[in-house]
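Presented sequentially are two complexes of chain A, the first with chain B as partner and the second with chain C.
Let's turn to the complex of A and B:
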C-alpha cells in the first residue's frame, strides 16, 4: 500500500493523566504488543496505522501525548487539529478519574467544536484493584455526552474496538459534513452531541 | 563344470520328452506327406543329440585332471590352519602390550601436568613471598604504585592454589605471608583512600590523579570513581558558584546582560564536557572501558544541582513565572481586563530560554555519544542493550532534562502569546501605500510567524518546534484568515460612480462639475474608493499569504534537515513532517479565499456593468440588408463600444490586482461575457447578412479577449462560434455539410435541438425546412 493510498485521514489524540496507559493502548493497537518497562512519554509520540473499514482505507494518525504536567503546553497545541480525542483514565486510580473534569475544560478551551471525544477506562485486567465503579464512569460519560469504553492494553480487551469504532464514527461525521456543506451553507456547524453507532464489524 | 551341469539337465529334459514328436502323433499319422515331414524332423533331432553326446565325451579328460589337482591340495590346507591360529595368538599378545604402554603414558602425562602445577605453585609461592617483601618495602618507601602492583599480583593469584598451599608442609610460612599480604592490602587501601582524600582536600590535581589510578589495582573501581567524581564535582561546583555570582552581580556587561543565564549555563555544561573529554582516556586506560558511565553519573549529579541553581536564579531575576502567569491570564480571555505584557518585552526572555535549552540539548547529545562509544568498546553485544537503556534513562530523566522541559513548558504559551499579540498588532496597524499591491500586514504577519518558529527551532527541542508550528497554523488559519475573510465579506462596493460610467459620457462631466460645486458627498466617494482598494488589497494579501506559507514550509524543511543532521529518530522526522503538512494545508485555504473573493468581485463589480452592454446587442438589428450591412461596416454599431467598455471596467483591476489574480478575474469575466452573449443572441432575429455581421462581431470580440488573458478562451466561446456558423448558412440543409459524418475535426457543443433553435433565428429559413432536418 503506498503512503497516500487512503480514503480517509483522521487525527486521533490520546490525553489523560500520567501513567493511565495511553502509550500501552497505542502500542497494543499499532504494534500488537504490551511494552514492558514502558517509560513515561516525553512530549508527544506519533504513530500511524491504516485500517480497512467496509472496504475503505482509513489512515489513522495517532498522537500519544505525555500526561505529566510539564508537557501540557506541548500537548495542548495538538488539540485544535484533532478529529478525535481519547480521554483516558485508570480504573484502579481514583485520582485519574477525578481529574477528568479538568481535562474536559482543556478540551473545551483548545479543541475544535466538532471533535469526537470518547472516554476510556483502562486496566480492567486489574479488576480486584478497581477504584472507580463502572456505573459511575458510565454516568459521568453520559452527562458529558461521551461514549464510554473500558479497555485493557495488557489483555488487549476492547483496544481494537476502541480505535475501529472511533474510525467508523469519524467516517460517519465526515460524510455528514460533506452533506451539510453541499447545502451551500458554509458556516461552521454547531458542535453536535455524538450519537454512537457500533457500525463496524471488527475485522 | 557349470556347463556340464547345464547339459545334463538338458539331457534329462530330453529323455523325459524323448522327442518333440510323440509316438501317439506318429501312429495317428495317415498321410505320406505328414509322415515324411515327421521323419525329417526326427532325423534332424537325432543329429543334434549325436553332436551333444560327442561334446560330453570330449570333456571327460579335462574333468579327470581337475580331480587330480584337488586331491593333491588336501595336506596343504592343514598347514595353513596351524599358521593362522599362531598369528591370532601373537596379535592378542601385542594388543595387551600396547594397552599396558598407553596406560603408562597416561600416567606420565598426569605426572607432567602435576609437575607443572607444582612449578606454578612454587612460582606463585615465590611471587607471594616476593610480593610480601615487595609490599613491605614499597609501603615503607611510600611507593604506592609498586605496592598496589604487588597487591594486584596477589589478588590475581588463583585463590584455590593459595588455599591448597596452606595445607602443604610449608603451610605455616604461607599462612604468615598471606596474613601479611592481607594486612598490607588493608593498609594500602586505607592509605590510598586517605591520601586521595587529602589530595582532594588540598586540590592537588597531580596527587588526585596519582591515587585515582591506584584504586582499580586494588579492585576498588567504584570507590575510585566515586572519590574522583567527588573531586571533579567540587571543582565544578566552586567554578559554577563563582560564575553564577558574577552573573547575578551588578556589573554585568550590558551586552551580555540579556543572555547572562544562558551563558552561565553554557559555561557549566562546557566545563563538564571538558572534564569528560580530558578524563575519558585516563578512565579508559586505568579502569577499562565501560566505566565512563559511572563517572558521568557522579558528574551529572553535580550538573543537575548547579543547573537547578542557575535556572532558579533565572526564574527569579527574569520574573519568568510571573510573566507566564500574566500571559496565561490574558490568553484565557477573561472578561475582566487584566494586566497585559507588551510582546516586545518577552523577546529577550524567550530568546534566553531557547538558548538554554539548545545548550542543554547539545550537552546531553555529547554525553550520549561519549558513553555509547565507551560502551561499544567495552561490552559484548548482549549487555549493550541494557547499558543503552541505562544511558537513555540517565539522560532523559536527569534533573537537567526535566528542568529544561519545564522551562519549555512555560516558553510555548509565552511564544504563542507573543505571536498572536504581534499578529493582532500588525493587523491593527495595517497600512497600505498607494501603488503597492499588498498592505503591510501580509508581510508583517509572516515576519512574525517566521520569527517565532525560528526561535522555537533554535531551542533544538523537536516537540517545542512542533508545538509552535501547530500554533502558527492555528494563528494563520483562524486569526489571520478570519481577518481577511471579514474584510472580504464587506464586499466590493457598487458605487454611484459606476452608475455614471454606465451612462453617457456627458454624465461624467456633469458629475465632475457637481463635485466642484460640492454637491456630491466627496467623503462618500472617497471612502467608497478606499473600500474598493481595500477589497483588492485583501485579495492580494490572501494570494501573498498562500505563497508565503508554501515558502515558509520549504524553508523550515531545509532548516530542520540542517539542524538535525545527525539524523533525528525517524519518529521525530515524521512528527515534524506531519505538523508541517498541516501548516502547508493552510496555504490552500487562503487560495480558496482568494478564489471566492474573485468570484464575488466578478459578480458584484463586473457582471452588473457587463450585462447591459451585452443586452445593447438587442437594439442593433441583425435582420439587415446590404445597405445596413455596409453602414455597420463604416460605423460599428456595438462591438467596438463593448470592447472599450470592457477595457475600461477591467483597468482598475489590472492595476489593483496581482497579475495572477487579474488573470483569474479576466477568465471569470470572459466566461461571464460568453454566457451573457449566448442568452442575448438567442433573443435576436438574423438575416443572412445579419449572421455575417454577428460572425464579424464575434471574431473581433474573441480576438480582443485573447489579448487580455493568458487562459485560452476559444473553449469558452466554442458554443457561440458554432452559433455564428449556423447563422451564416446559405440554406437550412447546408448544416448537413458540417454535421455528423461531415463534422471533421469539429466537435459540436450544440445539441441538435439547439441547432434547430439557432436556425430558427434566421428570418429567411422556413420552419418546415428546419423541422424536416434529420440531425
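Let's turn to the complex of A and C:
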C-alpha cells in the first residue's frame, strides 16, 4: 500500500563556483522569480518541485550547494546520493569556467558513478560581458560527454528546459535501470542511483 | 523495497479513487448516509478534526480514537495511513491548522501505542514528517522536526529493515545551515535541525539494521552542521535574561555533539573526527586556535577515554598532511594536540609511543628547514610561499611544549625510552651530514640540536626515578654530556637543565635556583634520602663524567651567570641526591680544583669568570660543610667567607651574581685567608674519618671512569675512549719533555711506545670480539639497536677531543671544524665502521 504523491523522485544537486547563479536558477524554477540581492548560500539549500511529464508526476528534490570553498566538506557529502548534478558556471566569468575541471574531479571523487551531469552556462542576459565563448564551453562539455545548456535565471531563459530535460533524461535512465535490474533482487537505499519508490526515505 | 512492485500501482489507484469519492464530504462534515458506509476507524479519525481548525484537536474524540487503536491494534496501520493521507492533502491545500491537528494526533497515537508493534504505523508517521520537512514553511518544518524528535525517543521493539534516514540527515543538516531572513525564525529552524540530527543519531545508533549512521556519507553532513552552529554562536553573548533560561543554539549544539561522540565505538571515531578536521581546514579555523581547541576539548571529554589515542593519532596524521601548510596552521594543530594530550592523560599516546614523538620531532626538523631555507619546497623556485620566521619559531615552541605534554603522560620506563629516542635524533655537527638537517647546513644542525635539547628539557621535567642506573643508561648520559663540551653556551645550559631535572628527585631544585651563601641551611628544609645501592653504582659509573662536566663548564669563558647558577644547583643536587662519603670527598676535591682553576695564571680567563668560580666554590663549600656537619670544617669555611665579606666581596655570590657586578681590575691580591685550604680541609675531615689520601690528591678532570680499561660495559665505551686523551688530560707530561734532545734513544722509545699502544689497542679489539662471540645474540642486537644512533655522538666525542686544541695561555680558541681533518686520528675513524659491522 503506497500513497506517494509522485511516480518518480529524483535528487538534483547544483554545484559550481560561488556567485555563478545556482540559487537564482533554483528559485527561478521553483518559485518563478528572480530574487533581488540574493545572498551567498550557506552550506546547502533545499527545495522541492513536482512536475508532470507525459502524465507522470516527477518530484524533484533540489539541493542547492554553496560554492564557497569553506563549505566544501558538507557540500561534497550531498553529491553522493544525487541522481543528477547541475554543474554551473557564469559565462561572464572566465574563472568560473576554468574551475570546471576541478569540479569534475570532485564529482569523480564523491558522486555516484551513474550520476547524470549537465553543464550550464548561466547569465546569458549579460551577452555584452560574455567571457567564455559558447563553442568553447560546448567543446568542453562534449569532451566530458556532458550535455551543455546556456541559461539566464534573470530572463528565465532555458531554466524550465534545464530541469525538464533533466527530468526526462532521469526517467529514461530509471526505466532503463528498471529493465536492467528486473531480475535482480530489489536493492535498498543508496545502491540504486535512480529508483522508483525506493528513493529517499520511507517506502 | 520489499513490497511486490507490480501490485503497488493497482492499490494506489484504488486508494486514489476512494479519495476522490470521499473528498467532497470530508471538509464539510460527514453526512449521515455516507458516514454509515465508511469504516469505523475513518469516522473516528474524521471526528477528531473540528469544524474550525482554530478550535484545535477535539480531545474527547481523540480519546475515543486512541482507545480504539489500543483495543484494535491491527487497525493502527490503517489509521496511520488515513491520517497521513488527510495531512498530505491539507498540506497541499495550505490548511495548516488541520495539518497541525493531524500531526498532534499522530504523535499521541505513537506515544500511546508504542509498546505494540508499530512498524507500519511508523511508516505512515515518518512519511508525514517527511512531507512537513519538504515544505518551505518554517512552521511546518519545525512541526515535523518536533514530531520526529518525539519518535526518536521511542524504543521500537521490532526494528524495520527498509527504513532509510538518508533524507532526514540531509534535510536536518540543511536546516542547520538555514539562512532564513528573519533571525528569530532562522535560529528556530537551525535548532530544529540540530534536534533532528540528534534524533536520527538516537534512533539509529544502536540499531544494527539501520543504515550505519557512522558512515562518512552521514557523518560528513552531521558533523559540519553541528560545528557550523557551534562556531556561529561564538561571540553572540548579548542575550536577554529571559533568553538565558532557554538553551541557546550553541549549548544545544554542544550537547548534541557530545552525545554523538559519546556513542562512538572504537571503529567510528575516525569517521566522526575526520569531518572535524576537514571543517577546521576549510573554515581556516586552525589559525585562530580557540575554536579548534574548543572542538577537540569537547571531543576528548566526550569520547570514551580508551579511544582517545585514536584522536591523537588522527591529529598527528593531519599534522603530517599539513607539513607544507603555513606555520600558523601547523601551530594550531600542534596547540590542539597539546590540549588533547593533557586531557587524554595516560591513554593519549596509545600503543605507538615512539611514533607520536617521531612525528613531532619530524615536524620540528621540517620547521627548522623551512625557517632556514625560507621555502617549503627547496627543489622548486616557483610558487613557493614566503615563510615567516616568527611563525616557524612559534610553531617550534609549540611542538616542544607538546612533546613535554605527551611525555608527562608516560610512565617512567617509557619516558626513559623517549629520552633515548630523542637523544638518538640529535645531529652531530660535521660527522654525519646525511643524517643531519637535509638542507640547512651547520646552522640548521645547531638549531635542531637546540630544539631537541629543549624537547629533552621538557621530557625530563618532573621525571623521577628510583633507579638512576636503568633510567639513565650510558647510552643516554654519555651523548648528553658530550654536548656539554661544545662552545655553544645555549647548548651547555640546556644540558645542565636536563641533568638537573634528572637528578632532582625530591624537589630540591627550586631551593638552589639562585646561588648564595646560606649561613644555616636548615631554612631550606631540604629533603634527603639515604643513597640506594643503585645510586652508589650510578655515581661509581658516571661520577667522573659529571665532575668533569662541571669543571669544564666552569672553565668555559662563554659561561655566564646562568651557567654558574645552574652548575651550582647541579653540585648541590648531586650532594643531596647521590652523595655517599666517597662522592662527598670527590665533590670537595672538585670545589678545591675549581678554586685552583680560578687562581691559575695559565688560563687567560676574564676577571668575571674567575670571580664567579671563586663564588661558586665558596657557596658550594658552605653548603657541603653544613651537610657533613663536621664543626671544624664548617668553621674553616665560615672564616674564609667572613674574610671575603670584609676584604673581597667580589669573591662571593651575593656580589657577583647580580646585575652589573663590581669587578676588581685584577685578582692578584686574592691570597691567604681569602682562600679555602686543601690541607686544612683534609686535616679536619680526616679527623672525622674521611679518606685523607683521596682528599689530599688534587682533582684532575678525568675524561673517563678510572676503570675504563677493564670493566667495559658497552661497545660505545670502547669506542669513545681513545687512549690519546690521556696525554691531553695530563699536560704536565708534555711539559716535562720539551727540552729533551731527539736522540736515537728517544726515537726508539717513541717506536716502542707506539708498538705498545698498538698492542693495547689490539687487546681491546680482541675483548670486543670476544664479547660479541660470547654474549647472547639478543643482547648484542639490543645493544647495537639502541646504540646505533649513539655512534654519531661517540664520533662527536672523538672529534671534540681531537679537534679542540688544549687551552693555550693566549686564550685563543680556534673554533670551526675546519681543523678537524688535520687533527683527527685516522685510526679511530677507520676503526669505527669496522666495529659497526658487528
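Basically, the second predicted complex is superposed on the first by the 179 of 203 C-alpha atoms of A that agree within 3 Å, B and C clash if a C-alpha of one lies under 4 Å from a C-alpha of the other, contacts with A are read in each partner's own complex, and residues count from 1 in each chain.
As a convention for this text, a residue touches a chain if its C-beta (ideal position, glycine included) is under 8 Å from a C-beta of that chain, and two chains touch if they have at least 3 such contacts.
Because the structure is a prediction, the values reported are computed rather than measured.
Within the superposed three-chain model, A:56 lies out of touch with both chain B and chain C [touch as defined at top].
In the superposition on chain A, A:72 contacts both chain B and chain C. When the two structures are aligned on the shared chain, A:39 is found in touch with chain B and with chain C. Within the superposed three-chain model, A:80 lies in touch with chain B and with chain C [touch as defined at top].
When both complexes are overlaid on chain A, the residue A:5 reaches chain C alone and has no touch with chain B. Residues 39, 42-46, 48, 61, 69-74, 76-78, 80-81 of chain A are contacted both by chain B in one complex and by chain C in the other. Across the complex, chain B is touched by residues 39, 42-46, 48, 61, 69-74, 76-78, 80-81 of chain A.
Of all the residues in chain C, the ones that touch chain A in their complex are 1-3, 5, 8, 11-12, 15, 81, 84-85, 88, 92, 123, 126-127, 130, 134-136, 162-168, 170-171, 173-174, 176-179, 211, 216-217, 220-221, 224-225, 228, 275, 278-279, 281-284. Residue ranges on chain A touching chain C, taken from their complex, read 1-5, 39, 41-48, 61, 63, 69-74, 76-78, 80-81, 186, 188-190, 196-198, 200-203. Across the interface of their complex, chain A is touched by residues 393, 396-397, 402, 405-406, 408-410, 412-413, 416, 462-464, 466-468, 470-471, 473-474, 571, 574-575, 578, 582 of chain B.
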